[in-house]
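What follows is a single structure, written as structure tokens, with notes after it.
Chains: A, B, C, D, E and F, in written order; residue numbering restarts at 1 for each.
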Amino acid sequence: MVDLVTFGEAMLRLSPPDFKRLEQTTSLDINIGGAELNVAVGVSRLGMPSAWVSKLPDNPLGRMIGNKARELGVDISHVLWEKDGRAGLYFLEFGATPRASSVLYDRTASSFSTIQPGELDWGKILDGARCLHLTGITPALSPSAAETTREALQKARAMRCQVSLDLNYRAKLWSPEAARETLEPLMDFVDILITTQGDTRTILDLEADSDLDLAGVLLDRFPLEVAALSFREGDSVWKCRWSAMARTPEATYSTRMYDVDIVDQVGRGDSFAAGFLYGYLGAGDVQRGLDFGAAFAALKHSFPGDFNWCTRDEVEALLAGPRPGVSR
Amino acid sequence: MVDLVTFGEAMLRLSPPDFKRLEQTTSLDINIGGAELNVAVGVSRLGMPSAWVSKLPDNPLGRMIGNKARELGVDISHVLWEKDGRAGLYFLEFGATPRASSVLYDRTASSFSTIQPGELDWGKILDGARCLHLTGITPALSPSAAETTREALQKARAMRCQVSLDLNYRAKLWSPEAARETLEPLMDFVDILITTQGDTRTILDLEADSDLDLAGVLLDRFPLEVAALSFREGDSVWKCRWSAMARTPEATYSTRMYDVDIVDQVGRGDSFAAGFLYGYLGAGDVQRGLDFGAAFAALKHSFPGDFNWCTRDEVEALLAGPRPGVSR
Amino acid sequence: MVDLVTFGEAMLRLSPPDFKRLEQTTSLDINIGGAELNVAVGVSRLGMPSAWVSKLPDNPLGRMIGNKARELGVDISHVLWEKDGRAGLYFLEFGATPRASSVLYDRTASSFSTIQPGELDWGKILDGARCLHLTGITPALSPSAAETTREALQKARAMRCQVSLDLNYRAKLWSPEAARETLEPLMDFVDILITTQGDTRTILDLEADSDLDLAGVLLDRFPLEVAALSFREGDSVWKCRWSAMARTPEATYSTRMYDVDIVDQVGRGDSFAAGFLYGYLGAGDVQRGLDFGAAFAALKHSFPGDFNWCTRDEVEALLAGPRPGVSR
Amino acid sequence: MVDLVTFGEAMLRLSPPDFKRLEQTTSLDINIGGAELNVAVGVSRLGMPSAWVSKLPDNPLGRMIGNKARELGVDISHVLWEKDGRAGLYFLEFGATPRASSVLYDRTASSFSTIQPGELDWGKILDGARCLHLTGITPALSPSAAETTREALQKARAMRCQVSLDLNYRAKLWSPEAARETLEPLMDFVDILITTQGDTRTILDLEADSDLDLAGVLLDRFPLEVAALSFREGDSVWKCRWSAMARTPEATYSTRMYDVDIVDQVGRGDSFAAGFLYGYLGAGDVQRGLDFGAAFAALKHSFPGDFNWCTRDEVEALLAGPRPGVSR
Amino acid sequence: MVDLVTFGEAMLRLSPPDFKRLEQTTSLDINIGGAELNVAVGVSRLGMPSAWVSKLPDNPLGRMIGNKARELGVDISHVLWEKDGRAGLYFLEFGATPRASSVLYDRTASSFSTIQPGELDWGKILDGARCLHLTGITPALSPSAAETTREALQKARAMRCQVSLDLNYRAKLWSPEAARETLEPLMDFVDILITTQGDTRTILDLEADSDLDLAGVLLDRFPLEVAALSFREGDSVWKCRWSAMARTPEATYSTRMYDVDIVDQVGRGDSFAAGFLYGYLGAGDVQRGLDFGAAFAALKHSFPGDFNWCTRDEVEALLAGPRPGVSR
Amino acid sequence: MVDLVTFGEAMLRLSPPDFKRLEQTTSLDINIGGAELNVAVGVSRLGMPSAWVSKLPDNPLGRMIGNKARELGVDISHVLWEKDGRAGLYFLEFGATPRASSVLYDRTASSFSTIQPGELDWGKILDGARCLHLTGITPALSPSAAETTREALQKARAMRCQVSLDLNYRAKLWSPEAARETLEPLMDFVDILITTQGDTRTILDLEADSDLDLAGVLLDRFPLEVAALSFREGDSVWKCRWSAMARTPEATYSTRMYDVDIVDQVGRGDSFAAGFLYGYLGAGDVQRGLDFGAAFAALKHSFPGDFNWCTRDEVEALLAGPRPGVSR
């Protein structure tokens, strides 16, 4: 039995090395990623058992995705395997200011997008779990994926399993209007909302003067127990400042701002979610969740790939104080 | 204006380095390939102007495919560019005896498969060309691709442009029955048939005691001006013996048998077609076509990727005699 | 609960790419390997649940070893983690005839070598398992490792769990005399013996005119239920012929001889053990064990690394007949 | 027919990966580059047809240079091929502050340096072209290359084809005095001058308080229709600020200043020239030329290699506003 | 005969490429390094003959270490070769702010750690040398290594060979208390002390308000002829500011502060030592030593690996003035 | 003082990885090689001190060549360093049957080719040496290089230093006639001739029915003390059989025939020369020279690069008997 269950698609991520464009490259580096798998990996690295629920093709690419989840300690026993399907792919070009990093999705007709309500036994999957984590990406993948998301939410509610949602808007998958129409009704099932100012504005059409105010608006509008917002400062592709805040109906929380050198920023939001859930679910403490979330996300920028390879010891060392240039 | 026009899909070929399986690898080498593009590249390398007609997505992957055709001197001015489509992909694992090399196609819903009759101006494309080369793969990709193939054949016939066809059966794309139903009716448009004993049996349900006899059966059955069959001997993944024969209604032709070390066998049949067409169309001489075809194909085994990077000088040197271990 | 439990050390294997010597290389490829882990991986790939029991340092290298076992589906929940220990390493140079491939062990003072009787709860580990698989390497690593091996054997016997042993002589770890003194007394606990003519002669000082006769001598001498011997023919580093035979008190069994191109031969014996145990334990059928063992081992030669990445489908396809050069 | 013709040498650029020195490296990355080819590539990427005129050895290295020009869409039909010549090479070490990146030329006795007046049919080459682009590098390569440059200029003038010149001083090729003696007389043929403050001072011995004033001095001194100067700020090898200005007899023009992360700065000046020519020749609009030139050059810093792989869409998106960290 | 002799262990340094963690990587880049060898290499690059004294296993890894010292011009004729020993290793992960780079030592039971007083003929080794350079790392490796260090110091004193010591505290090898107990008594043999504020505090328990004051305290406390302290400013893993100061009983010296982009900071302190010794021993001039030391160390940050591949010409060019972005 | 002195050019060898053509590759692997340096390296690896005499540019490429000679233990103290010269290069494509491996020289105007009689102090260089080894390549590089070769031969004769010559015909450097005219007169200075049937026929226009007879003809014709001929059998690029024979005026000698897998055949002839000289000069025993030469050359085929990385122990183990597939 695991503490956290996540549900969504994971893809092969194919990226040219050394800042090459796709048109320039003669090889592609492979990583595995997908927002919900990234979160499952994150909490597993921190020491909390997790499972990832998905649908994969029963071919070498599908198996590779499953293998890598397993490598990081994530339970994949509930994954569905489709004969003759295809694995979702995404191509990632790393940029340098003023050229942004760029994603080219190739997930049309993927095995995951064929998922149907009724295919997964949510009662068994959520049995004993403390939290189900979802993102706003899954419902964008197909109408049946959106329905399956709703199915999962309803079952979690029925089983009194907490629900966490990261809004995660993807402009290359759907329009703001489509996202709002699908996601807004799901907000009633959400206990823990993880988001950013931008995604909140785009998807929920809500704005406020500050992250603090926006969190207040969210708490007013939806039956949340906590809203956590991360934010970055700076326009450079290679450098940023990163922090987060959280608000419950009772209190507001802030944490340290991190100066960050960026090796690979993909998955930083997922690391924030993972760290927050680890700290919050583990200790029932919003401050600890926020501290873990922000530190874990800051450290994520230093690893190639979507996954966060930090250990809990390293997060705690960062929370405890500054580190030298080389540890030896 | 070009001498040879080919029509078909080309894909990104993604292969693990160093005999790794897909599940093992952390990077993929990129090559571009597709039977018809490979033939256009081959004749271009040998010095005969060629064009490749296709449909590609207007994204970095589509552009990469077009760029590489251009790099090898192939005219791509008739390629159609689709907004929002996807490029066909195939994953290739290199094997070692007793494990065969293996292809995993990922070309579902590719831009090429959406091609429709009427999209291409065949009159303009074939204007001045001596030959249109097709393969049995294109009609397997979608019903509309099959119709477009028929459209091209009819136009070539009408314009008195010669037609070459390589049967090229692909078991991972369709069944023998489906292939036969689609391809057999097209045989009436074909002047030059390039095939193997296996493909002929599978697609046309024709057999004979020898390649020679089989070529005779083909010439009896269809209005061909020449049939050319290549063959290999040996079961090793890393080594084979390779040759070919040809037959016209008037005569039979054979050429040298080559001992071959295999670096990459993909595209050897296309190199045979290219060499044969170069020699036959250029000099109107079946023997020269056969000699060039077999030598060019034998040399192809030594290059990574689907393309044949030989020069005409090298083919002629091989035809002229044996070569030493190192030329220096 | 798993069907097969294996016990032993796994190491980081560090090898220069492209046939370079260690002195030449500027990088090292990493694989994970160790005879007993290789067997656990093999049966897991074939579909039989397995666990690997070991002792690893709680540092990045130890975690990497555990991760990779997990990636391949092997249960590592019984692995012991040592603070401040070191991971065993081995350096592997790939050769070309007449230069043999060569191993340089660097496993002195590894965490595994500190293992002590009493550290592992064998009752819990073997609970529900059908077989415990060991090799002759583990007792060579330290006196306490030898004692722990004996402890495991005794517990397996007591729990009526079958015992499989692969003799596996390693000349760089101990002398034939030391091996004999340690291993011969353990033979009384063994049900399934997996070996070669060479290892049997070196360790047990037994010889016979043929593998068949030698298996007979082994069955006479020790209380075995089956003895399985693999053998190769040919002196080339890049090519061999490979087969195996088995004998029970009632019958003898042989299987096909495979022509093999060698990408990486390390772990082929372990693949034979895994295939044999999978077939024999699963179906209770020596012939099936032998067929699976030899085919799985033949295919192993085609994968870089110690692990066998074949699927059961591929083994069965090989058993069913020959394969073409490229499957597409 | 093409809009822009450029004339000069292109070389294989060989650079150690990962900031290694040449003495440290065991491999070299290959790129193709040369100021005039870089410009032809740049305008081709932006959508304006271009041709590059040069002289290359008819060997694999010469063919590689030609292939890559073709890959990027540049017409190479006027390139001369020399039997038994050699391709120019240059070795590039990437630095990090305070170590500058460094070029080691190895272009002695290259095929290009043997070029002679009369070898190229400038009338045919420039037929229909709107502009001939040259740089101050070509005349430095050999006396006969300087004469051929003059020949091209005279023919362009005679054909009323506009002439663009980028001064481009190379200290490792010649002294300021030699450069001045050769280049100053050519200025009378130039319509569009592209330069920097430094190159103008070194080669033409002209100085002024500002770029604006210097452009004025140039317009006074030579019969130019426009002078465009680019400039950077900052001493870091990995970061700079980049902009440009332009002046005609009637007006002055400025554009945005870009903060730039540097992956590879080689070819940024050529990208400025390409962007400027694309905008200016295409729309006859200095401001648009300057905007395109500066944006295209800023983006160039983000691509490895001498070529600029940007698309026109990307340049226009940058001109339209800021971009996020990851586009997805 | 050489000018400088250094004594200590050198290891294979194994580091994941591209900022990967050890757990992520599938290959390791090899460099050779060790503080004392790094110094010998540095002075050799600058043009002063040097020898490195050590003990290595007579196996491929030991030979690789010796080869690389030789490649850089260092005399290894006094190195001891041990049959059956092991080479020290260290694993290095490159970080990005806020994750520090991190070293995992694997040097237990290395050949060097078995070194004994009496094994080396110091009289012969130091014959003709001007200086013996040691660091605080060697005595941490084993009691016998500490004794051999003392033996060397006594012999140097007896032979009136100058002694240089770099304190170099390594927290992963010993505690501050153990370091102090061993190193403090050796300070009486030291003529040239090279250190940092941090190491001085940790090992010698000395503090002062400034580097200047601390150098004064050191000169008061120990019979030094010069103390040189380097320092860096800034917390980023990828960027710093670097300088140094020195003090003799008569005077104080300072040098330029360098802005530094960090490719690889390991060995910068050793480069400072090498540059200082080269300048000071060569010209007998503290200012020149300090200038060379700081410039050479600043440049070291730009090279991957522990060694400094700069030439003396490049150091002198840096001392002479600023450098452009690309030298061509 | 060294036992063997060799004299000639060494080059950077640049080769595409993975059997790519030059036109295909995006990177080049670097090795250092040159027949005479290869021989110096070979005898050094076997334990006999050697020096290599040459002329190199004083730039990073020249230094790299010198460094690598030093890495392998070769004395380079007599190498001349030229300001502003260029290093010789050669590009090597690896083939696969029926495509031969191919060399493209780029050594025009190299520093070595400018060498002049009088530049080297042969008296000092040969002082104490037992043998001077030359090849037929050096005189092909320039007239002054041919004169310097003659100068060296005369001085060796005068100093009673033995002379070894490997004829080594290079068709890409000169014609058979030019080679004969230059080399035949030098034969009077040669004591030890190392050659093949092919080179002897091409250069000296001598033929015979067998290697044995040819050696007899050579001994009749020139004042040799021994002639050693190596030969290979088989046309495959990846496999051959290799052996050698030798003849003195008194006796004939043969050695074992080796089956060889070919990783890289370049330098095998140099390895034969090195092994022969090591065995013959060391022990004064032709049979031992021949045995060492053939075994060392057979082993050379297994190493990438021109150099032979074998140790004497490995040669002796091969001479002592067959080796297993993996040594562990």
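Convention: a contact is a pair of C-beta atoms (placed from the backbone, for glycine too) under 8 Å apart; a residue touches a chain by one contact, two chains touch by 3 or more.
Here the structure is a predicted model, which means the values were calculated and not measured.
S.K.: Touching both chain A and chain F, which chains are there?
M.R.: Chains touching both chain A and chain F: B, C, D, E.
S.K.: Working from the CA atoms, figure out how many degrees chain A turns to land on chain D, in steps of 5.
M.R.: 120
S.K.: Going by the average position of its CA atoms, which chain sits the greatest distance from chain A?
M.R.: Of all chains, F has its centre farthest from that of chain A.
S.K.: Approximately how many whole Å separate the CA-defined centres of chain E and chain F?
M.R.: Chain E and chain F have C-alpha centres separated by 40 Å.
S.K.: Using mean C-alpha positions as chain centres, tell me how far chain A is from chain E in Å, no decimals.
M.R.: From the centre of chain A to the centre of chain E is 45 Å.
S.K.: Could you say which residues in chain F touch two or more other chains, in rising order?
M.R.: Touching at least two other chains: 17, 21, 23, 26, 67.
S.K.: Treating touching as the only link between chains, describe the layout with one word: line, ring, star, complete or other.
M.R.: other
S.K.: State which pairs of chains touch, listing all of them.
M.R.: A-B, A-C, A-D, A-E, B-C, B-D, B-F, C-E, C-F, D-E, D-F, E-F
S.K.: Taking the touch rule as given, give the residues of chain C at its contact with chain A in the complex, in rising order.
M.R.: Contact set of chain C toward chain A: 67-68, 70-73.
S.K.: Given the complex with chain C, which residues does chain E contribute to the contact?
M.R.: 14, 17, 21-23, 25-30, 59-61, 63-64, 67, 86, 89, 91, 93, 104, 106, 108-109
S.K.: Contact residues on chain D for chain A in the complex?
M.R.: 17, 258-263, 298-299, 301-305, 309-310, 314, 318, 322-328
S.K.: State the interface residues of chain E toward chain A in the complex, per the touch definition above.
M.R.: Chain E reaches chain A through residues 18-21, 23-24, 95-103, 105, 170-172, 232, 235-238, 240, 265-266.
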